[in-house]
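Two complexes come next, and they have one chain in common, chain A, joined by chain B in the first and chain C in the second.
Right, the complex of A and B next:
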């Protein structure tokens, strides 16, 4: 087990007025527990608002959990900022518009001293080749690229620190359908080549079925069902899972 | 895309700046040499813009005054922008108590009528060019701080900042390399407008005798000297006034052009 989540809860407090009076509570995550094995892909499915992105952000420690624990295997994950990375849903918003691609990719390389400074550009180019782009990209700004190309750059950035674990938070849902299949193949290829572990968050069951080894179904911040891909897709037990599958078929 | 106001503004300010830098070459007379034989001469071929009550060449005085007035404008706005940028970025990025503290300080500073505050401080510290730059700078950063805070509040939720955090970038790196470059556009616009304001403030101060002290010429203190001779020598009032007007027009045109160009 590379990651174990124990009874994770996240409550957002809605504040109102100057004195921050508590106006209500939103339970985004309610007692979520699961684990991920090394070299596996865990698919997390659920409708929008079911807490998938909140979960992703808590795992990578961008926001604190209200209670519960996120435990990484100490041997495999020594520095969460280096060994765990995330790719976000919206590639149009995920790259600093004022930076050239070369600079964007050099950030993680320099922060984690992956390669000595003179080799940074060379390494950035290798990363781009890895995601199917070429050297023409280096000197340009994010605005010059399509959504699919931007998402490839985001993936290259995530790979720069040589992570072992990548959280893909709806990484293809804002892309054209024609691009989606190519991106899925890229994820599978990278996983093979770099021996990665994935959490793949999506609301699209067909996509999860294609990429995930095991699946976790979420509804309103709760885990309603977990199982291998075969279990979830061929013999779902929970009514919510069945409803999701039915909705996807029609 | 053609940007008329930006081009015209840069032309005006560029022209004035060159004149200010080359003042000793451009001006036909020493700005503080008194000529007893030509007191209050109207504009003529010898004195383009006439002379003042002491017979000093008005054109030379305005040219040298440009150095002082533009210098004060630039340095004061530089100080204000720097202070506003640092405090605004800290407030917006860290939020919570730091934000509360800084923004209440901004509110307190905004409660003072700026001009009287400057007047009081200038009276206590004594009027000098250096003091005026500092005083004007330290009393006009609040707008910048608010602007920067707002920009950073909205930027820091964007995914590219979240991505930077998840690759382990330090807070300082995120602020300096990612947040400020994306927030700087509107700040540039307001700074350009601010230069005009600072020059006006200096003129006002000098007019009240708390600004640049004679015989050093600034556009403000040339104006004050014209007060007593307004009825007989219109040129001493009109030309420094026109200089101030043109400069502020120039900076405002640049600001407007920048706004258009940066899409703000």
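Right, the complex of A and C next:
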């Protein structure tokens, strides 16, 4: 197991008024536990607001959990910022608009000492080629690219620190349908070539079925069902899973 | 970029023409004649004499002739003579310029050097006691009328404590000071004017900076930066600040006309011989050449300020690129 999540809970407090009175609690995550094996792809499905993105951000330590534990295998994951990366849903706002692609890609290369400074540009080009872009991208700004190209840049950026584990948080849902298939193939190809482990978050069952080895179904911050791809898609147990499958079929 | 700037500069000319036409006509429409100054205190002056005076200044000709004469002079950068004392308008403006310019540049420096970091700090500690207190103070400063604040500060520093001179820009025995004493003397005189003229702008920039920074820090690319493993300082001062500074650039460009325009109110309160007071006096004396010169000065600066803001914008924001 490369990652184990134990009883994770995240509560957001809603404050109201001048004195920040507590107006209510939102349980975004409620006792979530699961584990991920090395070189596997875990698909996390659920409708919007079921806590998928919150879970992704907690795993990569971008926001703190209220309680519970995120345990990485110490042998495999030594530095979470280097060995675990994330690709966000929206490629339009997850790249800094004031930075050239060269700068976006070279930052992680330099902080994590992936390659010595003189080789940074060369390495950035390699990364771009890996995701299917060419060198004339380097001097340009994110605004000059389409959504699909930007998502490729985001992937190149995530790959820059040579991670072992990548969380893909709805990485294709803001892209055109024609590009979605290309991107899925890219993810599968990269996984093979670089021996990666994925968590693939999505609300789209067809996509998860295509890419995931095992699936976890979430509803209102709770895990309602887990199992292998076959179990979830061919013999779902929980009514919510069945409802999701039904909705996807129609 | 260079061609763009030239094209824009060329495009400013028709606008300037329109501005001069309208302001010239409006001033001519105002009651009272410029030559009145020369005869109103003289009860013995005859009608013929008034006619003769008007003829000398060219005020007997039709309005459009007067306007084109004036425009012709302007095209040779000749603003004419002041009607009140016969000196060249250009000389009068140039001699007032250093005072106004130095006060405004100093206060602009003060504003940006303190307000920008202050706003950033406020944004980073959003909701803290520091942030709440400074929000309150900024709103008070922003709302306080400049003349009222100026009078209160004068009362406190100049009369109550006696630390600072009350008005003017030099002491009576300025001539006998050595260089260092002169600098110190001017500094003491300029302290309050610079402070007062800067405060409202200071509060504004501080609030702008705070809200820009808060907005930038909530953007998803900040999460990306954090996921990259960057230090918190780099995230704040490289990734967020680059985006948050953009609107400040516009304000910087737009503050250019104010730099030379001067302020009638506080130059009058502090008895500072600057551009603002010159303008006010010119208006009171119906000194048309002087008024027109100042209007053109402010108009040109406003247009240049806008242009500079646009160009700086293009420089810092890759999304704005000027092509054909």
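Here, the second predicted complex is superposed on the first by the 250 of 250 C-alpha atoms of A that agree within 3 Å, B and C clash if a C-alpha of one lies under 4 Å from a C-alpha of the other, contacts with A are read in each partner's own complex, and residues count from 1 in each chain.
Here is the rule we go by: a residue touches a chain if its C-beta (ideal position, glycine included) is under 8 Å from a C-beta of that chain, and two chains touch if they have at least 3 such contacts.
All values derive from a computational prediction rather than experimental measurement.
Annotation: superposed three-chain arrangement on chain A; chain B versus chain C shows a clash. After overlaying the two complexes on the shared chain, residue contacts for A:120 are found with neither chain B nor chain C. Shared-chain residue A:168: touches no atom of chain B or chain C.
Looking at the shared chain after the overlay, A:97 reaches both chain B and chain C.
Shared-chain residue A:159: touches no atom of chain B or chain C.
In the superposition on chain A, contact is made by A:143 with chain C only, not with chain B. Look at A:81: by the touch rule set out above, it reaches both chain B and chain C. Contact with neither chain B nor chain C is seen for A:42 once the two complexes are overlaid on the shared chain. The intersection of chain A residues touching chain B with those touching chain C, taken from the two complexes, comprises 57, 60, 62, 79, 81-82, 85-86, 88, 90, 93-99, 107-108, 111-112, 154, 157-158, 160-161.
Contact residues on chain B toward chain A in their complex (touch as defined above): 158-160, 162-169, 173, 177-178, 181-182.
The residues of chain A lying in touch with chain B in their complex are 57, 60, 62, 79, 81-82, 84-86, 88-90, 93-99, 107-108, 111-112, 154, 157-158, 160-161. For chain A in complex with chain C, the residues that touch the partner chain are 57, 60, 62, 79, 81-82, 85-86, 88, 90, 93-100, 107-108, 111-112, 141, 143, 154, 157-158, 160-161. Contact residues of chain C toward chain A in the complex are 219-221, 223-230, 239, 242-243, 316-319.
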